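Labels run A, B and C following the written order; every chain starts at residue 1.
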Amino acid sequence: MNNNVKLEALLFWKGEPVAKKELLRLLSFSKEELGEALVVLRETLSKRGTTLLEKGDEVSLVTAPECSTLIEELRKEELSKDLGRAGGETLAIILYKGPVTRAELDYIRGVNSAFILRNLLIRGLIERISNPNDQRSYLYRPTSELYAHLGITKKEELPEFKRFISELESFTKHQEEKDQEYASS
Amino acid sequence: MESQTYHVKTEVFEGPLDLLLNLIERRKLHVSDISLSQVADDFIRYIESHSDFPLSKAAHFILVASTLVLLKSKSLLPTLELSLSEEESIEELEARLALFKQFRNMGEVLRVEFGKNRLYFREQKLDEAPVFSPSDNLSLSGLSSSLDSLITSLPKEEKLPEKVVQKVVSLEAMVERLTSRINNELSASFKDFSGLGKEEKINVVVSFLAVLELVKQGILAVEQQAQFGDIHMEQKEVNTPAYE
Amino acid sequence: MNNNVKLEALLFWKGEPVAKKELLRLLSFSKEELGEALVVLRETLSKRGTTLLEKGDEVSLVTAPECSTLIEELRKEELSKDLGRAGGETLAIILYKGPVTRAELDYIRGVNSAFILRNLLIRGLIERISNPNDQRSYLYRPTSELYAHLGITKKEELPEFKRFISELESFTKHQEEKDQEYASS
């Protein structure tokens, strides 16, 4: 049996995001085997009703983008609520710059972000992980659920990904140059 | 113009950067030191009209206001030399604003995309009948202590960043203090009034802000004899100023 | 989009057997269209990790028979693994406060509980019933097996029942006030 078939069966059965580390263990794959199986599976599913969603080191199986309207119509639950201005900008920071600490978020937004973070955590759009550099603080990062809500299956599909990332990079570089100017003046 | 000012006053802004960006964009300006000094008055007017802010929120606004005053002071008092750290705080505000603007715009893009073309996980995975499978250590005491630690970690009332809030005097209070002092003494020194060197820097800045406000309204005349020298203040007319 | 793709997406999303009559209604297919889509889907899935299962009048998507060993292992592991902190606190809230909605759980825990609930459900620790007050949501409550396992007959017998309930209530009340303050500011 092919590796990508096993991988598909596992992801289907789990029905939720599975960490790549966990996949290696459960399937007894090498890293290379897993990487290859992911590529093959993504390709195999390209014209199917399901699709592979990869977020950072997590993988899951979700319905295909072409089927969104169909499922939306069948769902009983209410439509996704609007993110609001605060939600939108907070998610933008977490998606394009994340993982970030709350202090970074507060600084960029110029306001206390405690409430909006709680709201996004409860909605399952972001998750909190411990900060490897500072035990007293947390890092916030996007969930696979957020990718699914945005209709994307990998980071590169984020809206205006390339343009925005390069803008952020040139901005950071510019800032660093300025800081050095100050430091040496 | 008049209606715009009124609109800003009634709109709700989450934070000072939000407000600042809105003021700049409303005038169709780019983020720069010049545009910042141009909207300083609007910004201060907004704080004045929202004196009922919760203290923690007000602190954020007043800190930004203090930087705006630094900027504006340069155009009103060309003799004023800004210190390196003051220059830095202006640069920093500009940079923060530019970055915030990028994320705010991207946030609007995300709002549009959100939920538009959603992908779905499996609703449930009950393809086999549930089998009662408690974990080995499942017990009443374990569960109640889980709940206990959850209750302990529930978010409590957040403490205000006291250091920031403690000494920040409201703008209005500062203007009142200054007006009455001038009335009594007709002339006073900025150094005495603001407690320069004794008070927190933020209070000095707020004092300065108040002085500029009075200069603008024609109540005060200011004079600085030397760079970094004390600023001499004098009331222009002897009759009681009708501030607001 | 092909009918068999729609059918696959629907069956994947539902995650449980669906009657053919129901499929006709949900997908607005004619009987012939459905019959054809089933044939095509069965054929398409022949070398994949999932397969089409037709049992009487019901259809579902299940893992491929070739993967049964893998799935059996996964199932065993999932049923025997430690509940973890998230599982423990979720189960505790359901015990003390149940029946509760997922929204209430999320609100108290400050994070999304969707995937945790599924694990507790397949382990037979909790069960899902429809919510008499809101057709779109469910209520979660402990199973009678769990009561028996813990040696209690009603929730008032739970340790420190009164204290915990009053603390949870005061949190909810307090937090709601704060949320309202935030929403209106």
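The rule we apply is simple: a residue touches a chain if its C-beta (ideal position, glycine included) is under 8 Å from a C-beta of that chain, and two chains touch if they have at least 3 such contacts.
In this text, all values refer to a predicted model and were calculated from it rather than measured experimentally.
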Most centrally placed chain - per-chain CA mean versus overall CA mean:
A
Of the pairs B-C and A-B, which shows more C-beta pairs in contact?
A-B
Cα centroid separation between subunit A and subunit C, in whole Å?
23
Distance in whole angstrom between the CA centres of subunit B and subunit C is 45
Rounded Å distance, subunit A centre to subunit B centre (Cα mean)
32
Would you give the residues of subunit B that are in contact with at least 2 other chains, written as numbers and ranges?
57, 120, 122, 124-125, 155
I need the residues of subunit A touching at least two other chains; which ones are they?
12-16, 61, 63-64, 71, 118, 145
Quick one: which bits of subunit A touch subunit C in the complex? Just the residue numbers, please.
1, 4-16, 26-27, 44, 47-50, 61, 63-64, 66-67, 70-71, 74, 76-78, 115, 118, 121-124, 127-128, 143, 145
Subunit C - residues contacting subunit B, complex:
12-16, 60, 62, 75, 79-83, 85, 88-89, 91-93, 95-96, 108-110, 118, 121-125, 127, 143, 145-146, 149-152, 158-160, 164, 167-168, 171, 175, 185
Which bits of subunit B are touching subunit C when the two form their complex?
12, 54, 57, 120, 122-128, 130-135, 137-144, 146-151, 154-155
Residue positions on subunit B within touch of subunit A in the complex are 14-18, 56-57, 60, 64, 84, 88, 91, 95-96, 98-100, 102-104, 106-111, 113-122, 124-125, 155, 158
